[in-house]
Amino acid sequence: MSLIVEVSNLSYTYEDGTQALKEIDFELEDGATIALLGANGSGKTTFVHHLNGILPGSGQPSGSIISSGSIIIDGLPMTGKNLREIRKRVGLVFQDSDNQLFMPSVLEDVTFGPLAWGMTQAEAVERAEAALDRVGLRHKADKAPWHLSAGEKKRAAIAGILATDARLLVLDEPTTFLDPPGQRALSDLLASLPQAKILVTHDSAFARGLTGEAVFFDAGTIAARGPIAAMVQRHGWQ
Amino acid sequence: MLLVSIATLTQNTLIACALYLALLIAAAAAAGLPIPAMLRGAAAVLPFALCFAVVSALAGDPGRGAMLVVRGYLSALAALLLIATTPMPDLIAGLEWLHAPRFLLQTMQFLYRYLIVLMEEAGAMRQAALARSGSVWDRKLRFRRAAAAAGVLFARAHARARAIHRAMLSRGFEGRLPAFRRIPFRTSDAAFLIVACVLTIAVRAAFR
Amino acid sequence: MHIPDGFLSIPVWGTMDVVAVPSIAYLARRAQREFDHHRVPLMGVMGAFIFAAQMINFPVGNGTSGHLVGGALLSFTLGPAAASIVMTAILATQALVFQDGGLLALGANVFNMAIAGVLAGYLPYALLRGRRAGVFLGGMLSVLVSAALALAELLRSGVKMPPAVLTVSIALFAVSAIIEGAITLAVVQALERIEPGFLRRPRGIHGKGVRALAVTSAVLAGAGIYVASRRPDAIEQLAAQTGFSSHARTFFSSPLTDYKAPLAGLIGLLIIYLLCLGVSRALGREGA
């Protein structure tokens, strides 16, 4: 099985001098699911923001864009040239769906990705409608984002990612703002998707529903990797 | 639709006004809008207009003042008609057709999109502030607290803008936003436009 | 301060629309800088911020509270060109969604508040290099200039205002201006505590820029006085008091005068506009 993510020796320091990531090594197989656990500020979000290149810089494609170390996504090394291709493959679902659904209607938002990647209007709409069907929101295609519930917004955000054939889904704290039924619906949806998934989460129960493996972040390093249950026990994470 | 408003706003005599009123009400009915609510809505402009009317009356020219009130009211009604029948995305698309700068229109689009979100944030902060200092009588302190609240709101707005930008980059934004939807200009639209223009101009001309 | 439709006469709102359109096009291009749409989310969100910030009450008196207008604040944090565009977006949204301000009068409102007001707010800040006095004056001038222009346009359109009412209006504007200055200063200070990087530190304007600014300020002040002193209705009032016949009165309010007098005023406004344009170009070279 091929690796969809290969990170070696990744380090990153903020402008003010705090080191957010210290020599991280990380691998993920294509189609696998893994959870990233750890306290707030341990570097989980900083790490995943490196996976599609929005860190370290302000995101403009430029020469050297990694603090230090190397990142390879789906066989593509992270360079300015590959940035566009990499961003097509990596679907990052942000914690606050309102920041992700930035277009005035759900359909316009889901077509944003395909259009940005160069598809025609017709193709984009076709893909968008298929994606919305997949997440069960086709009937809300013309609604404005503020008319959706938190769970619907999350699903709409995922539809936006699915519409572009992302190979890797990265979800940052997906259960925030969701009530238990919403969480269950999300869990079911994610379980049905074949793509590789990285779940950044505080909710070990949610993670356990989707994967057996987890990585534990601690102060910018990966402290451990292994079965979730063991991780939770060893680091007192409940 | 816009043309109807424009023509409406240039009349001078009373009977014309009554006819325009009838026209606007007819249009509203055709669009399926609740008429009493609309009439009340247009009255929002009245206080402003009435002030001037009173002043005019005192200055010896009540006719002018009355005219001001009527014109203000009719304009407001026409505008309300436009607003009530056209959703914002269509309005923006219409403005693009009029060649408004795209940069401005995209700003408006984002403004509109995040208006409710920020207002909710502001409302929540206001509640929190009230809960903590509702009984504070020191005006200076309350003033400074209000400034702090505004500052925090600003910082949140800024952080949100940064997060939105990151999300846009993640999804493929490379410096150009997608074009606005083009509203189809059907023959029924053309017919409506012609009829509306003819009617409004006729009324205006008849009472020159 | 938003002028609704139906108050301004055709020459006034017509000219203001004609003036506002190319100015906004120019400012949009300047704010955009090489087709860079990366700023759009920030500008949109800042616009929404202003709307939301207007919900915050700033107590200023016995039971009264003021609210942030924000043109000056926007110019300190986004730069004058971007601030103009954001204010325009706000005014357009207010007119098109909330029915606040007329549609035909939008050009006038945009000129008053988004162009002249923002620029007038930025000048003291830039000249005084971001010092507190500059912030306060900026807030104050932005409101004062917008209000003065609105008043001028209304008067020019023939709206009646006996001197007493005029004085009261001007007094009210002055008070709102001071309030805006105070609120703007307080918010700027709060921002500096949270994150000093929010505000742009103007490096001051040197050379011919300063001279252009001085000239502009003088002209703005002069234009204000010029317009105020040309009030046709004050003359009319005087005429009525000295027992002129009603015939003379109708002469004053005849359509002829309505079309001629505005012309002079509009030339004055046009001069202001051209100078503003020149100034913003000069400011632009400072990396604003």
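In this document, chain identifiers A, B and C correspond to the written order of the chains, with residue numbering beginning at 1 in each.
FYI, a residue touches a chain if its C-beta (ideal position, glycine included) is under 8 Å from a C-beta of that chain, and two chains touch if they have at least 3 such contacts.
Quick caveat, the model's predicted, so the values are computed rather than measured.
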item: Longest centre-to-centre distance from chain C, chain (CA-based); value: A
item: Nearest-to-centre chain - CA centroid comparison; value: B
item: Which two chains share the largest set of C-beta contact pairs; value: B-C
item: Rounded Å distance between chain A and chain C, as computed from the means of their C-alpha atoms; value: 46
item: For chain B paired with chain C, centre-to-centre distance based on mean C-alpha positions, whole Å; value: 19
item: Chain centre separation in whole Å, for chain B relative to chain A (CA means); value: 39
item: Multi-partner residues of chain A (at least 2 other chains); value: 102
item: Numbers and ranges of chain B residues touching at least 2 other chains; value: 88, 109-110, 112-114, 117, 160, 164-165, 168, 173
item: Numbers and ranges of chain C residues touching at least 2 other chains; value: 41
item: In the complex, chain C residues that touch chain B; value: 4-7, 10, 24-25, 28-29, 31-32, 35-38, 40-49, 51-53, 55-60, 68, 77, 85-86, 88-90, 92-93, 95-97, 99, 102-104, 158-162, 165, 182-183, 186-187, 189-191, 193-195, 198, 233, 236-237, 240, 249, 253
item: Chain A to chain B touching residues, read off their complex; value: 49, 52, 54, 59, 84, 87-88, 90, 92, 94, 96, 98-100, 102-105, 108, 111-113, 115-117, 144-146, 160-161, 164
item: Chain B residues touching chain C - in the complex, by the definition given at the top; value: 2, 5-6, 9-10, 41, 44-45, 48-49, 52, 55-56, 58-61, 64-65, 68, 71-76, 78-80, 82-83, 88, 91, 95, 101, 103-104, 106-115, 117-119, 121-123, 126, 139, 142-144, 146-155, 157-158, 160-162, 164-165, 168, 173, 175-177
item: Sites on chain B touched by chain A in the complex; value: 88-89, 109-110, 112-114, 116-117, 160, 163-174, 178, 181
